[in-house]
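Below are two complexes that have chain A in common, paired first with chain B and then with chain C.
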Partner chain A sequence: MTAALDYFLMSWLDPHLMFLTAAGTFAGIYIGAIPGLSVTMAVSILISFTFKWDMNSALAVISGIYLGGVYGGSRSAILLNIPGAPSAVATGMDGYPLAKRGEAGAAIGLTTVVSVFGGFIGILALAAAAPLVSELALKFAPRDYLLLAMWGILLVGSLSGDSLAKGIFAGAIGVLIGMVGLDPMTAEPRFTFGTVTLTAGISYIAAMIGFFGVAEVLVQLHELHIKAVRQDVSKILPSFGLIRKYLPLATRTSALGVVVGALPGAGGDIAALMAYDHAKRTVKNPSRPFGQGAYEGLVAPESANNAAVGGAYIPMLTLGIPGDAVTAVIIGAMYIHGLKPGPMLMIETPHLFWFQVGSLALANIFLLIFGLTGIRIFAKIVEAPKPILLPLILVLSAVGAYAINNNPADVYWMLGFGVFGYFLKMYGFQVGPVILGIILGPLMDRSFRQAMISAGEDPVQFAGEFLTSPLSAAILAALVLSMASQSSWWRKLRGKRDMHEPLARELEDSASAGNV
Partner chain B sequence: MQTIRKSVATFAMLALAGGAMAQSYPEREISGVIQWSAGGATDVVSRAITPHVEEIIGKKIVMQNKPGGVGAIATNFVYQQSADGYTLLYGAENPQLHAVMGIANLDYSKFYPINILGRGKVVVIANNDKPWKSFRELLDDIEANPGKIKMGTAGPGSVPHTVSAMITAVAKLPVTAVPFDGDGPGLTALQGGHIDFMASSLGSAAEHIKAGRMRVLAVLSDTAMTDSALGNIPPITDALPGVAKYLPWGPFYGVFAKRDIPEEAKAKLSAAFRKAAQSPQFIELMNGRHNEIVNLSGEEADAFLKKWQSVTAWILQGAGLAKHSPAEFGIPKP
Partner chain C sequence: MSTRRQRLPGELAFTVLLLALSLFMVWQAYEISGFSSITSAGVFPLAATATMVVAMLRILVPALRAPAEPAAAGESRTEHFVRRLVPGALVLFTLATAAYMFALERIGFVASSYAFLVVSMFLLGSRRLGLNLVVSAVALAVIYVVFRTVFEVVLPTGSLLQGVLK
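Let's turn to the complex of A and B:
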C-alpha cells in the first residue's frame, strides 16, 4: 500500500513531472477550446516526440492534455456558441445564453468547479473500482449499446428548440450524414457515388465545426452592428451554497459519465449529451428554463464529460481495451515504449496504474487553478469586435478541420455544412440534433445489426433478449421510465402540486405540442 | 514581359540544376502517411521503426495518420503525390483486396515496396466459459449445433473474415457470424461472452490469453507454436489438414513509395529500412506483439505481395465472399 502511495505521489513530488503535468493541462485547455484541435490529435503528435522520453513523462503530459482538453471544449461553447470538442455540444445550450446575459465569467467559474468535481469522481472510480467497472463495461452487449443509442436519440426532444418536427428533421439529416462511407460490416460503399474520397465517410468533427463554428459565424454576421454585451467578471467563483445545491445532480451525472466513459463503444460526447438530458428531465426548478441559461445545463454535461476521462482509463489500464480514441492512442504509445498494455499490465507493473491515477489527480488540481485564473481575459473575447473575432474563428475552424485526418475533404465538408447550417439556423432548425444523429446513427446502425445477427435474425428471439438479460432489462426499464416520466398521464398521476406553476404550464404546453 | 518570363524560366532551371548537383536524396523532410488511425497495429509498427530510419538517413520523417476506407484514403493520397520519394505510405495488407472487394482499384502493384516489415500470427480463440479444449472439439460442436455458436468477425478481407473463408473452403462452418469493427472490439465482445470464438491476430489477443481471460485453440500454421508465456499452441492443420495449402498466411505491415520514384531514393530508403528493421528495439517491439520480422524489399517483396494477394483473393472468391472475381483484375490462381 505504501508502494502504491509512493507511485501515486510520484508526479506530485518530482518537479519535472509536476511541470509536465501542469504544462499539459494548460496546453490542453487551449487545445480543447479551439474547435477542431482535438485531444486525440494533440496526444498523437505528442507521442512522436516523446518517443525518446521515458513513459512516465509522456503519461504525465497526456493526463494533463486529456483532462484539460475535455474541459477546454466548454470555453468556446460558452463564449462563442462554438463547442471546442464534441463533448461540449450540450454545454453551449445554456452556456451561450449566459454569456449573452453578461454572465460568462460566472458560467466558466461554475463549469470549472463541476468539471474538476466530475474529474475527481472519475479518478476515484478508477482508483477504487476499476476492475468492477471494467467487468460491467464488458457486460454491455450490442443490444445494450442499441438501447443506449436509442436513449441518446430521444435527446432530439431536448435539443430541438421550438419545433420537435424540425428537430427530428435535423436529427435525420445527421443520421444520413453518418451513413456515408463504407458500411462498417460489409465494406459496401454507401452514398459514395463511386468516389474514393467518400469511402472515408464524413468526419463528425468536420461536421461539428461546420454546423456550429462556420454556421454560427455566418449567423453572427447579421449582428455586426450590435454592441457586444459587457461581461460581469467581478464574481467568478461560484458560492459554496450554489455548489452544494448542484452537488447531487453533479454526482449523478458524474456516475453516468464514468460508466459511459468506460464503455469501449461510447465516450464523453455521448455521456455529456445524456447528462444534459438527464438534468432537463429530472430538475424540476432550474435556475432558469433550460436553453435560456440554466446553471443545471452546465453542471450536468461538464461534470459528466470530465468524469468520462477517468472512466475511459478504466478498461485501458485494467484490460488494455481503449475506452475512447485518446486511450487508444495511449495504448499505442505504451507499446512503442516497450510496455504491454493488457490485463497483465496491472499485475506486472502495478506502479504504472498508481502513477497514472496520481498524475490524473494532479492534473485535475492544475485544471482547477488554470481554469479559474485567466477567466477575466477569456471573458473579454466575447467583447472583442466581431469584425476581428469572426474571421479568426473561420481560419481556426479550417485549420482544425484539416487537422482531424490531414484530409482537405474535411475542410470542404466543414464549409459546406457551415453554409447549410446557416440556412438551417435561419429557418429555425437547431443544429444540435444533426450532431446527435451523426454520432448516434452509426452506433445504432452497427449495434442493431450486431444484436439482430446475434439473435439469429429472429425478431422474437431479438425482442426476448431485452427482457431475459438483466442488464438489458435494467437499461430498458430506465429508458421506458425516463420516457414515461415526461408524458402527460404520468404528471396527472403524480399531481402538479410539487411543481412550480409556470413550469408546469410550460411542460403542459410542450406536451400538447406533441413533445412526449 | 517576354524577357521577364524568360529570365524567370532560366533562373528556375538553374536553381533546379544546381539543386540536383549539390544535393542528393534526401535533401529535405520526408512525409510518412499511415493508413490506419493513431494507436492501431499499423500505427505502432510504423512509428516504432521510423526513428531508427531517421537516424540512418539523417532527415526527419513527418508522420501523419490518414485513416478511412480500410486504407484506401491514404493509399490514394500517396498515389496522387509526385513520384519524388518524399511521400511514403505506411500500410497493411488491406489494399491488396480492395479491387476484389469493390472498394478501390489501387493496390500495391502501383507502389514500390521499400520494406515488408513484418507479418502477424493468427490464432483462433474461444471464450473462457466454453468447454472446447481443441479446435476439433469446436468444429464438432458447430456441426452438432448448426447456427447456435456465435463467431466474431470483422469487415471483408480482415483477418477473422479471411480465416473463416479458409475454414469454409475445407469444412462446413454453420455459425452465426457477428461482425465487429476489428480485432479489438471483437475480442472485447468475446470477453463479455457476446460471441463464442473468433480468429484474431495474435498481437491483439496475446495479453488477454496470458492473463487467462480467453483460451487459444489453434494457431494458423502447419506447425505448433511454443511460447514461454503462451505455452504450446497446436496448429490449425491438426483439425483441418486442408488449410495447409493456404499457409503461411497472416496480416502484414510495410512501407511503400510510388513505383517510379528515383532509383537513388529507392536504394537509400530500402537500405535504411532494412538496417532499421534489425535494430534491437524494433525487434523487441515486434516480438512483443508476436509479429514475425519479414524485412524484404524490392523484387522479393513484390513476390511476397503477389503471392499474398493471389492466395487471399482466391480464398475469398472460393468462399463466395468476393464482390468481383480476382480473374477480372488479372490476379492469378495460386
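Let's turn to the complex of A and C:
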C-alpha cells in the first residue's frame, strides 16, 4: 500500500514531472478550446515527439492534455458558441445563452468546478475499479477479448456518425490497415502486394496523425472565417452555495460519465450528451428552461465528460481495450514504450498504474487553478486565425509522422490517410472507429485464432463456448443489448422517450461542423 | 437513419469506389491462404474484408435513395462537386503539402517548412504578406527550439544542402 502511495505521489513530488503535468494541462485547455485542434490530434502528434522520453514523463504530459482538453472545449462553447471539442457540444446549448445574458464568467466558473469534481469522481472510480477489473480480466479467455474489441468498435461506430453501417465499415477498414504486413503467427505476408516496404506493416502513428491531424485540417478549410463574439468575463469564482446546489446532479452525471467512459469505445462526447439528456429528463425546475441558459445544462455535460476520462482509462489499463479514441492513441504510445496494456500490466508494473492515477489527480488540480484564471488572454488566443493555425498544424503533423521512424515514407502515408480521411468525414463516416480498428485488429485476429485453436478448430464448439462460458455469455449479452438499443425497432418499442436519436443528431452536427 | 441526409455530390461514386476496393480486398484476403484452415493467416482478413463489403452494400442502398443535394442555379455537376468537396484552396493546399513533404527530404526542415508556411498561409487567405513572413519565422523558431531541446526529435536535414541549411 505504501508503495502504491509512493508511486501515486511521484508526479506530485518530482518538480520535473509536476511541471510536465502542469504544462500538459495548460496546453490541453487551449488545445481543447481552439476549434480545429482536438485532443486526439494533439496526443497523436505528441506520441512521436515523446517517444524518446521515459514513459512517466510522456504519460504525465498526456494525462494533462487529455483532462485539460476535455474541459477546454467548454470555454469556446460558452464564449463563442463553437464547441472547441466534440465533448463540449452539449455545453454550448445552455452555455452560450448564459454568455449572451452577460453571465459568461459565472458559467465558466461553475463549469470549471464541476469539471474538476467530475474528474475526481472518474479518477476515484479508476483507482477503485481497475484493480478489481484486472483481477477479473485474468479469467478472460481469448474469445472474451475478441468480444470486447468487437463491442468497442461497434459502440463507437454506432453512437457517432450517421449510420451503423458506416461505423462498421470504418472499423473494418481499420482492422484491415492494422493487418498489413507479415502475420505474427505464421509470417505469411498479408496485403503486401508483393512489396518489401509493406511487409513491416503500415505505421499506425502515421495513420493516426493522418486521420486525426491532416484530415481534420482539410475539413476545417471549409470554415476558415468564423466570427467570434466578445463576452464579459468579469466575475468567475462561483459562490459555494451555487456549487452545493448542483452537487447532487453533478454526482449523478459523473457516475453516468464514468460508466459511459468505461464502456469500450464510448468516450466523453457521448457521456456529455447522455448526461445533458439525463438532466433534461430528471430536473423538474431548472434555473431557467433548458436551452435558454440553465445552469443544469452546464453542470451535467461538463461533470460527465471529465468523469469519462477516468472511466476510459479503466478498460485501457486493465484489458488493453481503449475506452475512446484518445485512449486508443495512448495505447499506441504505450506500445512504443514497450508496454503492453492488459491484465498483466497491473501485476507486472503496478507502479505505472498508480503513477497514472496520481498524475491524473494532479492534472485535475492544475485544471482547477488554470480554469479559474487567465480567461482574458484566453479569448485572444482562441481567436487565432485559421489561415495561420492550420498550416502550423500541418508542419507539426509532418514532423510527427517523420520523427517516429525517421522514415520519409511515413509522411506520405500520413498525407494519403489524411486525404482519404477527409473524404470519409465529408461523406458522413467517422474516423474514430478506423483508429480503434487499427489498434484492436491484431488483438482480435490473435484472440480469434487462439480461441478457435482451443476449441479444437471446430466452429460449432467455438460458437458454443460464447454461450456456455458465463463470462463470454455476459459480455455477448451486453454487446447485443447495447446494439439492439440502437436499432429502429427498439426505438419504436420505447416510443417517444427516445434518447439516442437527438444524441446521434447532435454528434452528426458536430461531425459535419468538423469538430470531431 | 441516413435518409435524413442529402446526398453530397460525388457521394455515390465514392461509395461505389469503396465497394470495389472492398471486393478487391476480399480477393486479396483470399489469396493469403485460401480456405486451407479455419485458423490460417487469411481467415480474419477475410472476415474483415467481407464485413467491409456487407457494410458498404448497407451504405449504398440508402445513399441511392437519398435525395441529391441541389446544385446552385446554373451550376454544373462538376462545379457543384468542386464547390462542396474540392474547392480550389483545398486542392492547392493539399498540393502544397505534397510539395512540402517532397522538399522536406531534399532541402531540409527549416527551409521547406518556412516556404510551406508562407505559401499556404497566403493560399488560405491571409493576404498580409509581411505578417505571414514574421509569424512563420517566429513559429518555426519556436518549433525548432522545442523539438531539438525538449523532444530531441531528429529533423530532416535535407540531402541537397547538407551542412548549409539544417
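The rule we apply is simple: the second predicted complex is superposed on the first by the 271 of 516 C-alpha atoms of A that agree within 3 Å, B and C clash if a C-alpha of one lies under 4 Å from a C-alpha of the other, contacts with A are read in each partner's own complex, and residues count from 1 in each chain.
The definition used in the following text is that a contact is a pair of C-beta atoms (placed from the backbone, for glycine too) under 8 Å apart; a residue touches a chain by one contact, two chains touch by 3 or more.
No experiment lies behind these values; they were computed from the predicted model shown.
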- Message: By the touch definition at the top of the document, which applies to A:321: first (chain B), second (chain C), both, or neither?
- Response: first
- Now for A:441: first (chain B), second (chain C), both, or neither, which partner does it touch? second
- Task: State whether A:201 touches chain B only (first), chain C only (second), both chains, or neither.
- Result: first
- Now for A:185: first (chain B), second (chain C), both, or neither, which partner does it touch? both
- Who does A:289 touch here: chain B (first), chain C (second), both, or neither? neither
- Task: Go through the superposed model and pick first if A:453 touches only chain B, second if only chain C, both, or neither.
- Result: both
- Between chain B (first) and chain C (second), which, if any, makes contact with A:102: first, second, both or neither? neither
- Item | Partner chain in contact with A:402 - chain B first, chain C second, else both or neither | second
- Task: Enumerate the residues of chain A that count as touching chain B in its complex and touching chain C in the other.
- Result: 48, 52, 185-186, 188-189, 406, 449, 453
- Footprint of chain A on chain C - complex, ascending: 1-2, 4-5, 8, 11, 14-15, 18, 25, 28-29, 32-33, 37-45, 47-49, 51-52, 55-56, 58-59, 62, 85, 87, 89-90, 93-94, 97-98, 100-101, 104-105, 109, 113, 116-117, 120-121, 124-126, 132, 135, 139-140, 143, 147, 151-156
- Query: Along chain A, where are the residues that touch chain C in the complex?
  - Reply: 48-50, 52-53, 162-166, 168-169, 172-173, 175-176, 179, 183, 185-186, 188-191, 193, 214, 218, 221-222, 224-225, 385-388, 390-392, 394-396, 398-399, 402-403, 406, 408, 411-412, 415, 419, 423, 426-428, 441, 444-445, 448-449, 452-453, 457, 459, 488, 504
- Residues of chain B defined as touching chain A within the complex: 33, 37-40, 43-44, 47-48, 51, 63-70, 72-73, 76-77, 101-104, 106, 147, 150, 155-157, 176-181, 184-185, 187-189, 191-192, 194-195, 206-208, 210-211, 213, 281, 284-285, 288-289
- chain B partner, complex, touching residues on chain A are 40, 43-44, 47-48, 51-52, 138-142, 181-182, 184-189, 196-197, 199-201, 264-265, 319-322, 325, 328-333, 335-336, 338, 340-345, 347, 405-407, 446, 449-450, 453-454, 456
